[in-house]
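Both complexes shown next keep chain A, but they swap its partner, so chain B is in the first and chain C is in the second.
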Partner chain A sequence: MHIYKLLTTFLKVNIQQDLAYRADAIVNMALSLMWLGWELTSLSIIFSNTETLGGWGPSELIALLGVWRLVNVVMATIVWPNTEKFNNGVRDGSLDYTFLQPANSQLLISITRIVVWRAWDLLLALTLIVAGITSSGGITTPLNVIAFLGLTISGVAIIYSLWIVLISFTFWFTKFDNNVTIMQALMDAGRYPAQVYPVWLRAIVTFIIPIAVATTVPLQALRGDLQWWQILGFLVIGVGAFIISARIWKAGVRRYSGASS
Partner chain B sequence: MLAIYKHLWQVNWAEQWQYRANLIMYLFYWLVSPIVYLAVWTTVATAQGSVNGLTAQDFVAYYMVLLIVNIATSEITIHILGYRIMDGTLSNLLVLPVHPVLTQVLVNNLAFKALQLIALAPIWAVLYVLFQPVLTITLVNVLLAIPALALGFLFSFFIGATITFIAFWTTRVWAIAEFYFAVFQLFAGQFVPLSLLPPVLHNIAEALPFRLVLYFPVQLILGKLTVQESMLNLGLLAVWCVAGYALFSVVWRGGVKKFSAVGA
Partner chain C sequence: MQPVQTRNGTSRIARNGPDPIIVDGLSKTYRVTDREGGFGAAVRSFFKRKYRDVKAVQNVSFRIGSGEIVGFLGPNGAGKTTTLKMLSGLLYPTGGSANVLSHTPWERRADYLRSITLVMGQRNRLSWDIPAADSFLLNQAIYRIGDADYKRTFDELNELLELAAIIRKPVRNLSLGERMKCELAAALLHRPQVLFLDEPTIGLDIGAQVRIRSFLKEYNRRSGATILLTSHYMADVTALCERIIIIHHGQLKYDGKLADLSRRIAPYKLIAVRLGDCIDCDLSRYGTVVEVAAEYGADGANGDGGKQLVQVKADEVAAVTARILADLPVSDLTIEDPPIEDVIERAFHE
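Take a look at the complex of A and B:
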């Protein structure tokens, strides 16, 4: 109830904030649509030259694009804007005020800035996922769809946890505010199934910056490529990552001494 | 004038070294997409032997050379100048007795590029070992590539600067730059060798100048072009550079007038 109240309050504040820049929001929504056109064009170019990409058909890649965009929505709505706010807070000490508030500090730094118009991107991403799943035909069973949804959520949780760990490092190494940039740069690698990458790149996008766990893995579940124990394993990793990152955040906060002291 | 450039180079070079950690981060942006597309197209080519006459080896060679050409011709003017136009700190540059964009901003671009190329060298060497590209590079092609890359950068610089100048009129310049980036990626050969584009898109790519910035130098270095073809493309690129410069000058003059009107 408490979390729900906080969330709605912040959402209200952010809607007011974004309404002041309506034209910007519309321009950005148009840009997002343009990128969607670009991405679909690139997929159609690939599939005008081949039937499958590493065993994946066009409809599966459309669903994958949807999941990739969904992860990106989370990044662009919450992660990137709050990182900026967080880094500034560490530098000028305004983070002190966050810790003084009687609420979970991790929750506060995650949702103070919400880019509201990104709801449009969420809509586009969900449309792609639904379009991809329905056009891929009979191979998907309801059970696969449930596994897909579960793994998508746990994949997003893993990426979010990685972000929390990375920004927590700022408490130990003050000059660490660039770390998130690498995450941002590697996001592009999630647009295609990890199976097409050479082993070393697959290792990077699976273990170091696990963008493939959030994009390729849910799609594999949808295709029925995963055993039940693999699905369970990834879900456990998702929950585990979330718990561990919260611990690291708390340990980091204890080290925080403010910019002035 | 030469002394001015020499001095500016020293200042900018030292300044870039100060931010070397950031530089390596930015390098990732240029690295990821060519490697991803390399993987995608080699997968397709390996599965069916070749794509439209291009083998997996051809794709590896294409994207490995593209990595270098990409950085050699890239420009970051909007990152240098965009916010200065919006917050008014451009004034400091305007009082210079020389054209600020053709001196300070240009040299800043070049210093950034030089350091990026140095940072790229060891990464490229590792990728060379990982991907084992077959590159047959001749001296003639290297000699022809130097003016091609220089002119390619100059053309991108004029267009990039012109787009940045839109900031004199609207703050939504970033959206316009992003749109340009998407168009450029598709029609310059960043995503795919242009010969694989469907006929309609291929014709558009042929008519636009962007292919001269990436696709042409890559093909040139890979030895896919005759000397005549290379000279013809070089000439065409030079003409586009002149056109780019004309556009750059006109928009700059208009923009500065607008800028002083706001400041006064």
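Take a look at the complex of A and C:
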């Protein structure tokens, strides 16, 4: 209940803040649309030369692009803006105040800044997913849709956990400003199905840095390509990643209290 | 109200209830990498680190009673901020214990954090991009303040700090003084019982300093909150604190009444004498002449002998004053306490 109240208050304040910068929001929404055009053009160039990409047809790749964008919405709405806030807080010491507030510090640093107009990207992402699935002619069942939703949430949890781990490292290595640049590079790898990469790279992308889990896997579930135990396995990975990252964050905060001056 | 003996024998006034702040043998040692300057040393240090222990706070003990305002003084790097950070819960100590409102601060339990506040004059609690009013709302949610309580507290703070005109502007557009008012309000919305204030008036102009000071005094009177305050401005200390704690090189140097410190460290008074027609009158036979400020009349002639400051032992002031008045053509005479800055400075180095 308290978390709900915190979330809605932070959201409300951030909406007010974004409303004050109207031009900024409009320009960024236009840019986002332009990028989408560019991504679709790239796909059409690829498919003018080949029928399938790692066994995936054009419609399915459009749906994948949608899922990839969905995960990116989370990054652009929460992860990037709060990383900036977090790094500034470490530098100027204002993070001290966060640790003195009677609420979960991980939650607080995750929702301080929410770029609300990114909801527009959410709309684009959902359009792509629906368009891709319907035009592929694939038959999907309600069960597949539920699995897709569950795995998307799990995928987002994995990406979020990866972010929490990366910024927690700041407590051990004080000079770690580019903590999430590496993440942006990895996110870009999730734009294509994991099957297009060589086996060794696919293994890295899937298991070590599980971007594919967040993008390809949900779509596989929607296509009905996954067994129930695979779905369950990926859900468990999502929950596990979340728990482990929260532990690492707590250890980092303890470290901060022990060492900072 | 009853006087209480502290560890070093000085007395103070305790109000109701048990002491909200009890500090016993608190220590904090930082481990820092140590290397000499120069390229060679930098390369060597890359392969083999040398560490050095910095004892920021060493075995500091004190108790603060309910409703007291205590000045926590010391030169830069004395360990004041480190102590405040330990007491507010931000830092783990390397030794000793602290008990604030029956909590161990560094456990950072939610009900502890809801009953204290830390204000650091050099750091921003408020977000720069949004108006203070929005930050207040976030605090209301974080501290779980009910709407009625929030309104009551805000109205009271607004009455004391005149916030209404400034809280709608983005914080980045506020002057330093206005920002500090908002920072204080944000820190007090949850009605903390213990306030740790680390240089709350730093960088403010005289007018703003006076306003913050009188606000703190009034807030303390109304709420009965206990306040531990650091400041480099002695005016803050003399206006607010009956009792001071002095710390230097991490060690406690003095804990007691400000007035007692003057008597102990500087047991003298200054007699300021302005003489009439007596240019060459020598005051050195009455005490040490510490300052001669010659002033001249409008016509350029030596209209009077200027103001001279004579330092005299405190217990001899009455006798010496009587002799000066009897011996010399005095046009004006005042007796002053030694400047508090000098007293504190001496205490640091004793």
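Rule of thumb we're sticking to: the second predicted complex is superposed on the first by the 256 of 261 C-alpha atoms of A that agree within 3 Å, B and C clash if a C-alpha of one lies under 4 Å from a C-alpha of the other, contacts with A are read in each partner's own complex, and residues count from 1 in each chain.
By definition in this document, a contact is a pair of C-beta atoms (placed from the backbone, for glycine too) under 8 Å apart; a residue touches a chain by one contact, two chains touch by 3 or more.
Small disclaimer: the values here were computed from a predicted structure and weren't measured.
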Touching partner for A:Ser135 - first (chain B), second (chain C), both, neither: neither
Which superposed partner A:Asp92 touches (first chain B, second chain C, both, neither): second
Most chain A residues touched (candidates chain B, chain C): B
Touched partner set for A:Thr41, first chain B, second chain C, both or neither: first
Partner chain in contact with A:Gln101 - chain B first, chain C second, else both or neither: second
Partner chain(s) touched by A:Thr52 [first = chain B, second = chain C, both, neither]: first
First, second, both or neither for A:Asp24, with chain B first and chain C second: first
Interface residues, chain B side, partner chain A - complex: 21-22, 25-26, 28-29, 31-33, 35-36, 39-40, 43-44, 47-48, 51-52, 130-131, 172, 175, 178-179, 182, 185-186, 191-192, 196-198, 201
Chain C to chain A touching residues, read off their complex: 30, 56, 82, 85, 88-92, 106, 108, 110-111, 113-114, 116-118, 120, 123-125, 127, 129-130, 134, 137-138, 140-144
Complex contacts: residues of chain A adjacent to chain B: 23-24, 27-28, 30-31, 34-35, 38, 41-42, 44-46, 48-50, 52-54, 178, 181-182, 185-186, 188-189, 191-192, 196-198, 200-201
Chain A - residues contacting chain C, complex: 2, 5-6, 9-10, 12-13, 16-17, 92-94, 96-97, 99-103, 108, 112, 254, 257-261
